[in-house]
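Listed next: structures, encoded as structure tokens.
Next come two complexes, and both contain chain A; in the first it sits with chain B, in the second with chain C.
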Partner chain A sequence: MGLLTNPTSRATIVGSITRHNNKICFLCYVVGLSWFLALAYQELNAGTYFSENALLPGLVRSQFYGDSEAEGYYSQLKSELNKDKNIMPVKWIYNQFMDLGLDVYIHNFTFRYPLKIFGEKQIPGQNVYAIMRASRAASTEALVLTVPFRTVTTVMDKTHGGLALMLTMANHFRKSSYWAKDIIFVVTEHEYIGMQAWLDAYHETKSELISSNSLEGHGGSIQAAINLEVPTNKISSFDFRLEGLNGQLPNLDLFNLVVRISRQEGFDVLLKEQHDPYHPETFEGYLQNLKTMFLMMWTQAPGSANNNHGVFLKYNIEALTLVGKKEKGKHAQGYGPMGRTVEGIFRSLNNLLERFHQSFFFYLLPSTSRYVSIGLYMPPFAIMVAGSLIKAVAMWISCTETVEEGVSTEKEKKETDQANGESVQKNEVKDHKEEKEEERKGLLSVIPILFITQLFGLLAYFSPDFFVDLGMPLHLHVAEAVHYGMLALFLSSLAMPRFLKRSLSEKSRPDWKLLKCVSLIVQGLVLFSIALMNISLAFFLAAVMVPVCVAMWPSNNRVVQILHASFLLLISPFLLLYITVVANQMMTEKVADVASLLVQSWDHMKTPLILGMVESQLLGSWTYCVICLGIFPNWLAFWCLIWIGS
Partner chain B sequence: IAYFSQIILMIADDMACNPRNPRPAMVFNNANEQINVYGHDVEVDYRGYEVTVENFIRVMTGRLPPSTPRSKRLLSDDRSNILVYMTGHGGDGFLKFQDAEEISSIELADAFEQMWQKQRYHEVLFIIDTCQAESMYQKLYSPNILGVASSRVGEDSLSHHVDSAIGVYVIDRYTYYALEFLEKVTPESKKTLSQFLKVCPKSACVSTVGVRTDLFQRDPKKVLVTDFFGSVRNVELSPYTVTLNDTGDTGDSTASDRETCSADSCAPKKKIQRKKMSYVDQFPVEQFLKRR
Partner chain C sequence: MAAPILSTLFFGFVIRIYLFNTPIAKWCAGNNEITTPITSWKRVTEGLSLYNSGISPYAGDIFHETPLILKFFNYTVKKMPGLVDLIFVLTDILTAFVLERSVKFISQYMALQQHKRERQFAKDAEKIKISFDDLMWRRVYVVLAYLFNPYTIATCLAKSTAVFNNLAMAGTLLFSIKARPNRRVAMFCLAIAAYQSLYPVMLLAPAAICFVQNDLGFKFKWTSLIAIKSVARTCGWFALWMSGLLLWSFWIEKSWNFLYSTYGFVLTVPDLTPNVGLFWYFFTEMFEHFRLFFVCVFQINAFIYTVPLSIKLKDHPVFLMYILMSIIAVFKSYPSYGDTTLYIALLPVWYFTFEFQRNSFVIGCMYISTTVLAPILYYLWIYAGSANANFYFAVTLVYNTAQIFLITDILFAFLKREYHLIHGLKPKDYDGKPGVVQLE
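The block that comes next holds the complex of A and B.
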């Protein structure tokens, strides 16, 4: 393009961008944000469809009519659970599978919680798994049906109905000869930790803190997995959980399959406990879709493995969770339709010759029948972050111009942009050498600040264990120790600009424009990298950080400084977490008044903090690492920026 | 007694013995599961990965390695009528063989021409049931070929119905109606090819059935269906004996063994001896009957 290679016109474009950069940045951010939110509207996204034709969903007539068997299993299970309310009836489950004639094994594993929660104790666990071999196939592939065992006294939703359903399905499946893959039934203890232990043993990988015995019985390579969390024997609808570790999602075809089969059997389909709007083309319909999409992003952003299915995704095994719900006023169905749903799903999965590869792996769902693909959500996100990159370019240009102004005095009085462009060229030719020296000094001076902020990030990443050790003689609970320890670290990082001012002389202090430019570029890099994997986290971070960071500059006016500082504090990782918890409390529970809300949120803040650290060590989740080593240093650089002064 | 059928069957996917088939070793023509088309007399000559474009063209042109058994050869001569039926996934100008290859309409046309040059067929009925099937016979240029396609270029051929006990679509529309017609054809039937060509109107097939008759020299109205189906062999009666010369041919087709002749010796060596034939005397049943 002649426009960009021609130095004069390039200088004009660059000049006009620099002049109007504030307006352009603001426009980019607003356009990007509103476009992203508008994607939930029906006209702007697409309807879900089956890409993998081999699935042939719902074409085969179900042959499951074992309701009474399932009810029998359910009542037996309940009486078994009432004998001892706190343990998993491993022997009973083992015997049931044994009676059916399947290869059943008990898998022992132990794990240690990180951060010395429960001390150095190794917590034991047992999974029970049974393999139904395909009678005419070579056992090269397998499908998994899993139920996380929860005791009667659990605070989470119960899963006993699902366990009885699994036993019934095992009985039904083994009577048929049309299976081309082995079906493995797994009952896990300790939720996804048990599942991770089982998967580790199956694939012979090793986790740091989970040690599991090798498996006695083995199947083929797992193609797909379904996790059942059905509380009782009567449900009216199915809710689906897709988000897994690090925000990974299963293939959209698996979701389409499960939705289609559930609908066929007469169940209501929910996503994030929201129904599909009846009139999606209206404004109310749009708001409902936006709410569902927002809730999905809210769950995806932390990157936690929410249910058993979340840990499968790491192994390239498509998995999702079916949660049974009984809604008031809706007609509830029993084990007949439930069994036929599971049977239908497995028969379709049985048809597959290849792993899921046709449909999308990156998407957002405004409802169960609409999707927003990566091709639709990346442009608005890119435009949002482009604002900060344009600001970075503007900062760079003005930085080099001020350098030249310092060198040649006569040219600095020119007013027109055209002349500016020319003068930039002429100065480049004349004072090339001196300019370079100035620039080089400028860039080098930014490095100490960035290095120290990165050190703070490293400190934050490795500190939890230190805080736990520190808190033990003070008899602080682990959660409290870590919470207050992180608070202490955060507050100490706030003091960094003060030390910088003292230690760095005027000459070695960097030009604030240069620092802002580099920080904005790093921010753009980090946000785009996160967006490739976990768009929700990147979107939420970009939505709050980009406008604030772009508009930061150091000033001598006290009021302006305080204003900047407060805005920047609001988006600091620590306070952002607090605000997130407040928002979560508001969404999930009814709160009496503002004060109690704030206090409760402060208490509840420990949970995501600890969970992030625990999961990063136990399962290999990246969120904590990314926040500590990517977001926090970047934020700290901006914090230094506003206090350094011009 | 070892015998082989004059049918070459090439099936790439083993559907009958696929573990997903709830009726093992059986393939039915419709959802009512009336006729098992994969019965005891079905012999699959080329299966699985043997079904390649190369093998197909070798079978057609006869260029097979000497070790190929007779059951895998076409063994046709210049008096043979050949029925070629192809089905599967296809598009404009190609038909898919395995996941990695396809046969083009031009390759097929050249294969037929090689057969014509080598006098390996008298007439060919070419039936093809794929999407955009017409494109496969558009490039044919050898004489005596009648082409029937289940859909025109730009149209898809559709499946007929689902067998919900198995969970797949069991038969395609054109094949279903063609089979329905042919089930009623007996070896003595006088049905003509033109009736066969009309077998699937657009109301039944949804796609338009295409026919190519310009290469076929006879009028389809006068050609019997049994000329191509039912292995009905026409017998030519001759009241005279025919003496076969002993050419010393051991079965090798290499050029060195073939006799060459010069201008003098190319004349026929012997006169053909003709002896009038008559019926053998009947078995004298009356004598035996009378005796009793």
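The block that comes next holds the complex of A and C.
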């Protein structure tokens, strides 16, 4: 049993933890954080490689030379789009696939936004999909090529180039005899909502807000999906989007494949619109890698579906998005190389003998040719969070030790008093019992606070609908109603310690050390749980929360107390969201004036809030739930801690 | 005293009825940590429909509950389908009530035992003696710990048939320790528990000791004829009830096939669906021709602890029963959270060992973290396809380590307290220096 029952070795460990816990915590955080950031340096991560040998990337000679055909589709599509600028030319797309002789179907669906964003209105949508049956197998497996349809008036990047390319590829693919997997071409409306509706129908799952007809045509189980977003007929580079719903990523092999083939066809490969550094071993190269990795984590952290590929991952289908980019001063290529890229990718995927299972599912990418696997990023993350756990242990020891000290001093007293007779002894026993009672009260006394904080979390989770109803008579827009409602809830939660202080008597108030211990453990647990699903979110949360929460204590000094409170406020979920929006604003737009930046961000803050709620109900994203039920109550416990103790 | 207990029972009832109407209930029913192939309600309903279409539910590999449970639910589902949820809730409440009664009698028993042994105690042992009132007060904690334990609530919401097993085991405890112990009823409860899940057979040893103590007082010779007779009578009653139940099942089923589907299923472990136990991972990794050998080893391991523990704790049958209950929860072939509920609920009874426990903090953290991480890793493995079996197994391994730590910790604390009771709080070693009591 050694360590766990041997009192002497145990005592030394306990002693050193209590004595040095502050230093250890600080060291852990600094080491963990800098190690994590250092992972972007070339020597500390690994080069990508193909784990799945069956892919055989780029070993076949490409046969696609349909440039002119694609250009024809492109110009036809353009004229078709100009007829009516706001709708999807379903009939036209349908006919094109029909002319190629594929099984074409139109998938009708309707959906309703949650929170009554457009009232109770059912919004209709249509997906067009065509199935090319495999000539070498019995439709047991399938690959998917998707293009989200965007109208001419869209504010996002257009995807018309991709649609023309898809039609050409369909024509090219059907002429070959080597296909062992069905290829399904899907054009979706309403971005990933259409994709979600199609996937729901394909797998015959039901969702509450999206209702759709059952599909007339089916293929086999989908092995992989590629989402094409090519704006025009000439591009110079491909930008890859990997981050999916709940921070899930596609298998690294798929990414490697796509990078390898795009490079082979002479495209520049980008990740988060960043080029790979020429000299990754230099400091500038490191900074470039770090920037790419940071941007990737920044996109992954919210757990949003981002593009069409994001919803595939939930169904255990590996998928990613290829975004065509036309960069200034770079040689732009036409449909020939683009088509050969798509052909190469699909012919490699066609070689797959089993589902993607080799390689990595959890990784971070500092560049297109380097990766940081879960085995590399978990240790620094664990060390970072270890600080809070060590502090929790120290808190626990100091809680129990005071009781033990009490016992031992009492024991001594008892020895000296023994001569005084039995009556004293009886009193002593009574004292001891009372003391024990106090100690027992300790652990239970934390429960009411944790219960109330959890109640606030539940309130935050379930109240948006209520806020919307409340805002209706005030003529508030849905986003505004939710925004102000959340602010009100947040502010009222700030008043909780005051209320607690009044309602709890001095005796029933919990020991702050115990509360801190429990809260730190919960924090560590929540962060580790998030890290398993979405390391980026966990990392950003840990980077800001751990140092502040570890350092909190209820001080009697007014200045220190206010300092603590302001730090805690800074990392409160609500302000953290605001800070994130400000940071995002600074990264995407150049705003010179600080005041206007802050005001603008305040205005923009509605979007992620409402988006989080919408995605949680429409697609099943967990971020909103985790923040409400995990992070917020935990933060609130710390907030109570600094006011209630002492 | 009655008010807090009654209100706890009431709130326990309300919270269960409320949660039955939320999606949580459905989630629990499909959760591998909460239901097993034996106890899952889905399988019971499958078995019922097979039974009603005239096919023996034991012919296939779906249904593994006992014929009596089948008959019982066949009756209830047909006659009063709306009350099925209520049956599970009421069983839980009844179990809590039985536990509360048991703790009352345990307090009386231990106070009496302490009184009888008082002359052997060291002078300064006063401090670590138990007080009857304190122990009685623990009843509230026991009821709280049973009814508001998330494990218990989840088991009830999943409609896992483990709740009946828990009731039978709690009944065994109650009727063995009662002021006027009832051998027949206690053995009937034990027979039902063993009939349903086999492993509770182990509780025969502590129950037998209880009855011997009741017949002969705390001081007796094990070799005396009366003691042997008492043990024989206990075993006899158990055998009688057990064979009665089995014959009744045979009469219902008209064949002995159910034996293989129930006890055979428990003993040979053919279903390797992941659960919180130790069997599934080991046997998925195993080459087929070693299987028989290791099945034997694992099953012997589950039962063997009865012997040394019964010898060591022969004067403390209640504690022995407690330890065996927790050992069943760890080493049985298809464990679930439902099995842990009983021993976690009874933990407050042993409050006097707490100050000798060393690892309660670590154990608590292990329990909480594995409970949270298990469903996440299961999701990543089965649904997202990004993790694999090793991740989930690691968590269940930590969970079982926590359980084993808890058992050893409380056992060690109990024995250490016994030592201090006799030798005083500050024992000296042979050199006359202050000694340290240590587990080697």
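Note that in this section the second predicted complex is superposed on the first by the 606 of 646 C-alpha atoms of A that agree within 3 Å, B and C clash if a C-alpha of one lies under 4 Å from a C-alpha of the other, contacts with A are read in each partner's own complex, and residues count from 1 in each chain.
Keep in mind that, in the parts below, a contact is a pair of C-beta atoms (placed from the backbone, for glycine too) under 8 Å apart; a residue touches a chain by one contact, two chains touch by 3 or more.
Being a predicted model, the structure only gives us computed values, none of them experimental.
In the superposed model, A:Phe50 lies in contact with neither chain B nor chain C. Once chain A of one complex is fitted onto chain A of the other, the partner contacts of A:Trp92 are absent, as it touches neither chain B nor chain C. Within the superposed three-chain model, A:Tyr105 lies out of touch with both chain B and chain C [touch as defined at top]. Judged by the touch definition given at the top, the superposed model places A:Asn351 against chain B, while chain C stays out of reach. In the superposition on chain A, A:Tyr578 makes contact with neither chain B nor chain C. In the superposition on chain A, A:Gln248 makes contact with chain C only, not with chain B. Chain A is touched at more residues by one of its partners, and among chain B and chain C that partner is C.
Looking at the shared chain after the overlay, A:Ser176 reaches chain B, while chain C stays out of its contact range. Across the complex, chain C meets chain A through its residues 126-127, 358-359, 361-362, 365, 368-369, 372-373, 376-377, 380, 383-387, 405, 408, 412, 425, 436, 438-439.
Contacts from chain A toward chain C in the complex involve residues 1, 4-8, 10, 248, 313-314, 316, 355, 357, 361-362, 393, 396, 411, 425, 429, 432, 521, 525, 528-529, 532-533.
Put simply, chain A touches chain B in their complex at residues 56, 59-61, 134-137, 176-180, 347, 350-351.
Across the complex, chain A is touched by residues 18-22, 24, 162, 164-168 of chain B.
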